[in-house]
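Letters A, B, C, D and E mark the chains as written, and numbering starts fresh at 1 in each.
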Amino acid sequence: MAVMEATLPRRLITTPVAGPTIALVLASLFFALNSPQFLTGSNFSLIIQQVMVVGTLAIGQTLIILTAGIDLACGAIMAFGGIVMTKLAVDSGLPPLLAVAAGLAVCAGFGLVNGLLVMKISLPPFIVTLGMLNVVFALTHIYSNEQTITDLPPLLTFLGQTFQIGQTNVTYGSLLTILLFLLFAYLLGSTAWGRHVYALGNSPEVARLTGIRTRRLTVGVYTLAGLVYGIAALLLVSRTGVGDPQAGQTDNLDSITAVVLGGTSLFGGRGLVIGTLVGALIVGVFRNGLQLMGVPSIYQTLITGVLVILAVAVDQLSRRRNR
Amino acid sequence: GGGGGTQTATTTPKVGLITKTETNPFFVKMKEGAQKSAQANGLELMSAAGKFDGDNASQITAIENMVAAGVKGILITPSDTKAIVPAIKKARDAGVLVIALDTPTDPQDATDALFATDNFKAGELIGQYAKAAMAGKPAKIATLDLAPGVTVGQLRHDGFLKGFGVPAGDPSVVCSQDTQGDQSKGQTAMENCLQKAPDINLVYTINEPAAMGAYTALKAKGREKDVLIVSVDGGCTGVKAVQSGQIAATSQQYPLKMAEDGVKAVADFAKTGKKASGYTDTGVTLITDKSVTGVEAKDTAFGLANCWG
Amino acid sequence: MTTPVLQARNLVKRYGHVTALDGADFDLMPGEVLAVIGDNGAGKTSLIKALTGALEPDSGEIILDGKPVRFRSPIDARRHGIETVYQDLAVAASLDIATNMFLGREVRKPGILGSVFRMLDKKHMREESAKHMASLKIGLRSLTQPVESLSGGQRQGVAVARAVAWATHVVVMDEPTAALGVKESGQVLDMIRRVRDGGTPVVLISHNMPHVFEIADRIHVQRLGRRVAQIKPGDHSMAEVVAIMTGALQVSEGKAVVADKGAAEAIGLS
Amino acid sequence: MAVMEATLPRRLITTPVAGPTIALVLASLFFALNSPQFLTGSNFSLIIQQVMVVGTLAIGQTLIILTAGIDLACGAIMAFGGIVMTKLAVDSGLPPLLAVAAGLAVCAGFGLVNGLLVMKISLPPFIVTLGMLNVVFALTHIYSNEQTITDLPPLLTFLGQTFQIGQTNVTYGSLLTILLFLLFAYLLGSTAWGRHVYALGNSPEVARLTGIRTRRLTVGVYTLAGLVYGIAALLLVSRTGVGDPQAGQTDNLDSITAVVLGGTSLFGGRGLVIGTLVGALIVGVFRNGLQLMGVPSIYQTLITGVLVILAVAVDQLSRRRNR
Amino acid sequence: MTTPVLQARNLVKRYGHVTALDGADFDLMPGEVLAVIGDNGAGKTSLIKALTGALEPDSGEIILDGKPVRFRSPIDARRHGIETVYQDLAVAASLDIATNMFLGREVRKPGILGSVFRMLDKKHMREESAKHMASLKIGLRSLTQPVESLSGGQRQGVAVARAVAWATHVVVMDEPTAALGVKESGQVLDMIRRVRDGGTPVVLISHNMPHVFEIADRIHVQRLGRRVAQIKPGDHSMAEVVAIMTGALQVSEGKAVVADKGAAEAIGLS
């Protein structure tokens, strides 16, 4: 019996990231033709800075969606994490490193709670995180007392600093985001843990019977996602230079948008984290490009909506043809 | 319905405060002021807020519930200046004193009284200031606005243009973006504006968080020294930013005073049955350490002494 | 007397009002193919799930090679070399064949790549899978295609191949041929024979009496959550076995006794 | 063979509405003990007024969730409908009745588009309506030009008028909402169409093979839901007395919350529309009761979140025990 | 010559690269039980889906009682009295038995309640369902329990009962006994006999050769998307039929001819 590998061109077509990538390239081309400022290194650096927070959130979101879950609370958790870091560092005078660690731990903690509720009582993730969204939102405002926290120690804003690549200033935060994407692409694609996440998303029962510790894995995925939200919180804090209780309110759905645009299936078990990066960039490129063209913000919302539907529709239709 | 206000004979009279959101220091301060004043005047304070700026439905629900709870008076910062009017009318018909704080209803006489900043004037002041500070340099203006359809934002924006002496749609305004008064959205908006028109030299911002976002974006480009940022609010964080030169000038408003005066008016009504009326301008002061001739201003020492948040 | 490889005594498992296992016993002898038969709902699946760690019985004992064991999860059972093809729940649809073959026991690259970076040795796993599939004569175009693109028979083949590849002690199969055609069923029966001939005992749940009589060395008859008989195919006719299964006959001291006269007559016995 | 009916007590326990109803009663008892104004006819009338908009939206949401869909755009569609009705009646001077009809038609139209996208290209409802949320939100702001529309003709505010039952003023809108719930309880429970909706939610393929016209049914359900959102728009307009482009932004998730609290499964095929009424009332009772007790609104958010998780968790755990 | 009840000529159905039906013919005679057999993927399910309106063939003709028909949906076929139990897709899980029995053909209350208010006559449907279930000897505790609470066998029973209850012309069953125990399988075979004896022809897809030989009047052998033979069980041995199915033998003019010598020898023929 001959074992053949799928040929490269075939794999390119069948990979779920092909569609989004083509969309990204086309959009970039369009804006490059319509706005002279678009196709510059500094503008790309900017776009990455602008999507890095949502993009990082969307890494955690991807993990959860791959297990056939969903997280409506990721932005809220991030906001809380940001307040914890900055408030502890500024108001309580904790050493910055400790404050950051505490913020990360709190985010991971919320992830853990989500995971336990999903796993122990087998509640639908949609409901758990819908409830959590309200809870964490309220806690953020109660804990922060609505105060924006300023005058942050340098460690908390370090990721907002830049270094030069050629002519272009790049923030350390952008670099960290890219590295995180690569890390998770590796973990999902080349380790046993990654395989197990996909298997879990395909069918928890099959995964369990195969000997995968699905309960531990589920809780682990949610906790890890929480930790990633914590990193997003640090990125947010270092980008804006403040701890802002109002942050992240639109990021819950925006992160899902990025994952979906990136070709990952909401039913779990199918998709790539690199697709999520592409998805986040698509949104960022459109928002930036339209703004450079002088299109009012409300049209950006309109176009994002059309884009979400279109991207998935084209993907669906092309798959149908390929069958 | 009706007669809700009559069944409170045995208990302390109640006053309600309804703010636009609960997620803005401005309103937190306002609530604190109201709380203190309520205690001082022997009232019990009930508070409520919308879920987001512009959330009319929640404010209506809050009015109804407060009337049901038997409040004597309601202080409200209307999220939607027109949309809230019918609900206010019902409350007033039930004998409740309704006072608008911060933002007038449309029409203004839909409430018994109004204690507020003149938001148009607040914008005008920083517009005039900017005009003088630019000293004839050709201006390239970015406006970082609030959100579609919220009157305070519109009034400040219009006042700014009037004060600066340019008509709406003037080509010197090279970039306009909504920021929801949010710092990170303000930053993104400014970054993109700079990308579009790198030679922007004047930034109008709806409030100080947006101004700080703009500053962060300018600093990243090394432009923070040669761009003038003007803003509105006068929160303590904002005044400190004026002091350190991040913001050139801001129009300070006085939410504590709005709240105190409002509660006081309700207390009077409870005692004497006399209703407050008309518009009380709670004042607005231009705060800057680099004053210009022709525009009256106070320095940041004054600003810090009178700031909120 | 030889020690049974796998035994159970008095297993009980309740789901609310339903008693799936009601004091079930079980004995698997070395090197045999043991068929487990019984009506729908007799508790066959529950029994083998309990034996393979997929469910924890409420009470009762499981004995492996004469020693009591307790399996808290399928992993525990696998560690003891017990491999199972579960009814309807065989493979992860979007993953490829090689990944499915190694799911839960992935092989890492040698050296630091594997130990520190935990990198999978995909090539190795693919080659191993290809070998196993070939040795079971399962023809496939590509090992990198997701199993959802396979036919039902091929999918079942992957599941069986995986169990056979890893089992060192016992292979358990819950209706592995239910959805399969005659040819594919024949292949699976062949595999079962090959495994047995290699020395590993096999537990086979099946509703297909001809298959059972063709391949089983012994038959465990499950009824209402219990083992009601253990018989040799040669000692009884197919009709008798069916009668035992449905309760028309009872077995006492190895001999069939009519329990339900009407029923026995209806099926042409007595 | 004896055919027995499930006994009444047993049915009461197994009906998915039992849990929510008990929760509603307990909450009401709690508030009655803690606030003298709570247990009055006028206050109940108020609570119904306050939940009628979300409640009506949640009827449409229930239909969609029963088919295993979800609608993230219902509040946005309602807001657009409200603007259409009021703008046409006031600005364009259309006869009020026509304006209302146009608003209803527009809402039904959006529902139709959702349905067609779900059905024709078999896109996941989550994505279709996530995209639609952005699209409709933007359209509302563009079409309304951000202006709140006032001075409505009487027909548009008629449902806000009251009539007396005993001592209590009840709005016609409240009555309409209750009637709608009864109507849909009837349609879902006692007509073939209702059976087909449940069958579709169980498995579209089984439903199709059974001879149900699933494509038509899907499109019909989304369109009907859109029409119901249109009625919600009229209720909103008559309750607030204005056309408000900012309305409905939190109602998308709030309506899902009501459905979930009412015991309907997000996986489709299981649930009762009366449960949704109970779910909406639970949220309304909590908001009203806490307000009467003087609890700040941020705690209401907190409690809503806890409630959502708790309700579903208790439901889940009790089912597990009953097995 | 009698006219076949249901015929197909040259049906073709492609899914992308896969050709599920490759010019398939089909003939069902009045009052017979016709078994359709074939390997996994031979196109049996696709064939009967095409015959019952569940899929539209790319080309080919379907003839009912000698007249060409076109079924655009399962409803079209049902209108002509063709009822089907589909493989794995029988019932709506959360609905009760009576509802499932009447799904898609609900009965409304008489009078204005039914015509204007479209109210269902639940009592009537429940009673009718009870009758049908009883006549097929399917024992159930309650007709108002959701079918998801039934065992696999009972669930299949509901699906079969529904098909039998409504069929006026043809009953088609795709592996109705695959998941069933011996007793339950026996009951389904009995039902099939009863339906046939009532004059309605039955098409039965099955991989279970003993069942097929027990009950079929004729056998349609499907292979690689086509009908390769039509035979009478009495004319051929089980081994021969299996050989035809797998391509080892070919049938020409009603006689089996060895096509693949090695294969035929391997199964003990020739």
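A few points about this structure:
As a convention for this text, a residue touches a chain if its C-beta (ideal position, glycine included) is under 8 Å from a C-beta of that chain, and two chains touch if they have at least 3 such contacts.
What you are looking at is a predicted structure, and each value in this text was computed from that prediction instead of being measured.
The most distant chain from chain E is B, comparing centres defined as mean Cα coordinates. Counting C-beta pairs in contact across B-D and across D-E shows that the higher total falls to B-D. One finds 74 Å separating the Cα centroids of chain B and chain E. Averaged C-alpha coordinates put the centre of chain A at 31 Å from the centre of chain D.
Computed centre separation for the pair chain A/chain C is 43 angstrom, with centres defined by C-alpha atoms. Multi-chain contact residues of chain B (touching two or more other chains) are listed as 22, 52, 148. Touching of two or more other chains is recorded for no residue of chain E. Within chain D, the positions touching two or more other chains are listed as 141, 298, 301.
If you check the complex, the residues on chain B that touch chain D are 1-2, 4, 7, 22, 44, 46-49, 51-52, 54-58, 60-62, 64-66, 68-70, 79-83, 85-87, 106, 148-149.
Those residues of chain C lying in contact with chain A across their complex are 54, 73-75, 78, 84, 86, 89-95, 99, 103-106, 108, 118-120, 122, 126, 130, 133-134, 137-145. For chain A in complex with chain B, the touching residues are 35, 37, 42-43, 46, 49-50, 53, 141, 145-148, 150, 160, 162, 169, 236, 239-242, 244-247, 249, 287-288, 291-292, 294, 296-298. Listed in rising order, the residues of chain B touching chain A in the complex are 22-25, 27-28, 52, 148, 175-178, 182-184, 187-189, 191-193, 195-196, 198, 209, 212-213, 216, 220, 237, 240, 309. Contacts from chain E toward chain C in the complex involve residues 37-42, 151-153, 175, 178-185, 207-210, 242, 245-246.
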